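Consider the two complexes below, in which subunit A is the common component and subunit B and subunit C are the respective partners.
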Partner chain A sequence: MIETFIEIGLFAMLVFTAFAIVKTDRLFAVVMLSGVFSLLSALLFVALDAVDVAFTEAAVGAGISTVLMLGTIALTSRTEKKSSISSPLPFIVVLITGAALVYGTIDMPNFGDPMAPAQQHLAPEFLQGSLEDVEIANVVTTILASYRGYDTLGETAVVFTAGIGVLLLLSGLGRRRKDEDEEDA
Partner chain B sequence: MEQLIDWAFIVGHVNYWLFIVLMMTGLYVVVARGNLVKKIVGLNIFQVSVFMLYISIGKITGGTAPIFPVDLTGHIEPDPSIVYSNPLPHVLILTAIVVGIATTSLGLALIVRIREAYDTIEEEDILKIEREMTAEDNKEYGAAMGGRA
Partner chain C sequence: MHHHHLILRVVTKMLVGAIMLFAFYVQFHGDFSPGGGFQAGVIMAVAFIIYGIVFGLDKAEQVFPPWLVHKLVALGVLLYAGVGVVSMLLGYNYLDYDAFSPHHPSHGQHWGILLVELGVGITVTGVMVAIYYAFAGRPPPMKDEDW
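Up next, the complex of A and B:
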């Protein structure tokens, strides 16, 4: 019972934060609110028994991505320009998409149902395997490094590619700026 | 008489609907707002909502985090009475979070590059500059290319 109240409270704060992000036009505040959103979601992950996900989200979502975004607004601009056209179209699109998704949830099993199809396959085998074959106490570690190790390898490839992409995009930024200044002078 | 409102159904599904509300808030920011940094923040909100949906699918009522109890020497002491939540969504989402930050950083780097080229990060202004550039090109090369570009 108390867990439900905690979850509802966290949800209320998440929704408030998300709406505040929509309304705010100072980008510094937006970035800080997105950090708050990540930390709140990390708390929700703890309430949902996903402790490993919670601290990854707190470190990566609230930590690194906030720093990266702050760096970006330092290099670009601090405020959002108010849009001159306000069209109802985005709201209608969002409403229709949301309605379609809610329709999709009708067939889903109840929240926390131990008999749900998602709990019947693989998960019991992984729990047993972690105990008998791999002998690691944390089952998430077992699956991440052993049963689904190829996922982690693929993830490394993606991060490597993104790193190269960022380097290629940003390399020579200072040099080009200096050239421009000299041209202006 | 059948109940008009199925409370068990609503309580069992309301969290999915709340995730969808958050998801749609993120989507709205991406679609309706012109500032590129804000679009990335909206994309992040959307992404985290999807993560929460996945994690909630793995939750079992009365369950706990999928970590076995160990004794002082580090040996696992299994206790069959403990119910564990499904660890598989946790692993998938761990991967997704890291891939998410990789794509976010790439997007932010693109924004810095766009600002360098156009001197603005507002979608409207960028489109205006693009249109002006096209019009200029048409004036200069249009006739030689046999019509408008």
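Up next, the complex of A and C:
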């Protein structure tokens, strides 16, 4: 019972934060609010017993992205540009997508339902194998690194590629600007 | 240069070590508690990033030079993929950690998971620090008064 109230409270705070992000013009405040948004999501994941996901969300979403966003506004602008045309189209798109998603949840099994299809196929095998075959208590680690080792290798490659991509983009521009400065001098 | 923010500097100096220790804990205790390479890598990167923010990029690059960061980005992926190659050379499937201890498959699994998680952690640390260096190393530097 108390968990339901906590979750409703967290969701309400998430919605308020999202509205505040939309309404604020000062990008510094927006970045801080998006950090708050991530932290609230992390709390929700804890409430849903997904501690590994919550950990990642807190470290990446609330931590690193906030720093990188601050780095970005340090390089660009501190206030949002007001768009001159205000069209109702984005609001309608959001409304329709939201309604479709809510409609989709009607068919979904209840949260934590042991009879849900996702819990039937491989999950029991993994849960048992984690303790008996691999002898590791944290099932998330077993699935991530052993049963789904290929996926995690792919994820690491994605992180690697993304890092290289950002480096190429940023360092290339920096060098070009430096060259121009030297030409000016 | 940084004669202001005394409290920030003192607190950062005290925190950096603890943050790194926590990163290692998350990295190597992931078998029993939440966490693993991804989270540990980010936390380890945060230790260097907070140092860079408070003491300046130059100081951070002295401690953790960019060439080393860029090598680590690739090293992690190579370590992960290399574990798979070694297990193949031992006659097992790619990334089948049973290969490392045929008589005690669970020990082999522990070794394999430890190594691939380390690979993930190294790459994530490298990427995060490298991106931070790339952002922070570009002009124009933000003046404190502008915030």
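Keep in mind that, in the parts below, the second predicted complex is superposed on the first by the 171 of 185 C-alpha atoms of A that agree within 3 Å, B and C clash if a C-alpha of one lies under 4 Å from a C-alpha of the other, contacts with A are read in each partner's own complex, and residues count from 1 in each chain.
In the analysis below, a residue touches a chain if its C-beta (ideal position, glycine included) is under 8 Å from a C-beta of that chain, and two chains touch if they have at least 3 such contacts.
Keep in mind that what you see is a predicted model, and the values were worked out from it rather than measured.
Within the superposed three-chain model, A:T72 lies in touch with subunit B and with subunit C [touch as defined at top]. By the document's definition of touching, of the two partners only subunit C reaches A:D133; subunit B does not. If you count the residues of subunit A touched by subunit B and by subunit C, you find the higher number for B. By the touch criterion defined above, A:V31 lies against subunit B but remains apart from subunit C after alignment on the C-alpha atoms of chain A. In the superposition on chain A, A:L44 makes contact with subunit B only, not with subunit C.
Of the two partner chains, subunit B is the only one that A:G112 touches; subunit C does not reach it.
Residue contacts after overlaying the shared chain place A:V102 against subunit B, while subunit C stays out of touching range. Residues common to the contacts of subunit A with subunit B and with subunit C across the two structures: 51-52, 56, 60, 64, 68, 71-72, 75, 135, 137-138, 140, 142, 144, 152, 155, 159, 162-163, 166, 170, 173, 177. Residues 26, 30-39, 42-43, 45-46, 49, 53, 70, 73-74, 76-77, 80-81, 84, 94-95, 97, 105-106, 109-110, 112-113, 116-117, 119-120, 123-124, 126-128, 130-132, 134-142, 146-147 of subunit C touch subunit A in their complex.
Those residues of subunit B that touch subunit A in the complex are listed here as 8-9, 11-18, 20-29, 31-35, 37-38, 40-42, 44-45, 48, 51-52, 55-70, 76, 78, 83-95, 97-106, 108-113, 115-116, 120-122, 124-125.
Taken together, the subunit A residues at the contact with subunit C in this complex read 28, 51-52, 54-56, 59-60, 63-64, 67-68, 71-72, 74-75, 78, 133-138, 140-142, 144-146, 149-150, 152-153, 155-157, 159-160, 162-164, 166-167, 170-171, 173-174, 177. Those residues of subunit A that touch subunit B in the shared complex are 7, 11, 14-15, 18-19, 21-22, 27, 30-31, 34, 37-38, 41, 44-45, 48-53, 56-57, 60-61, 64-65, 68-69, 71-73, 75-77, 80-81, 83-85, 90-91, 93-95, 97-98, 101-102, 105-106, 108-114, 116, 118-119, 122-123, 126-127, 130-131, 135, 137-140, 142-144, 148, 151-152, 154-155, 158-159, 161-163, 165-166, 169-170, 173, 176-177.
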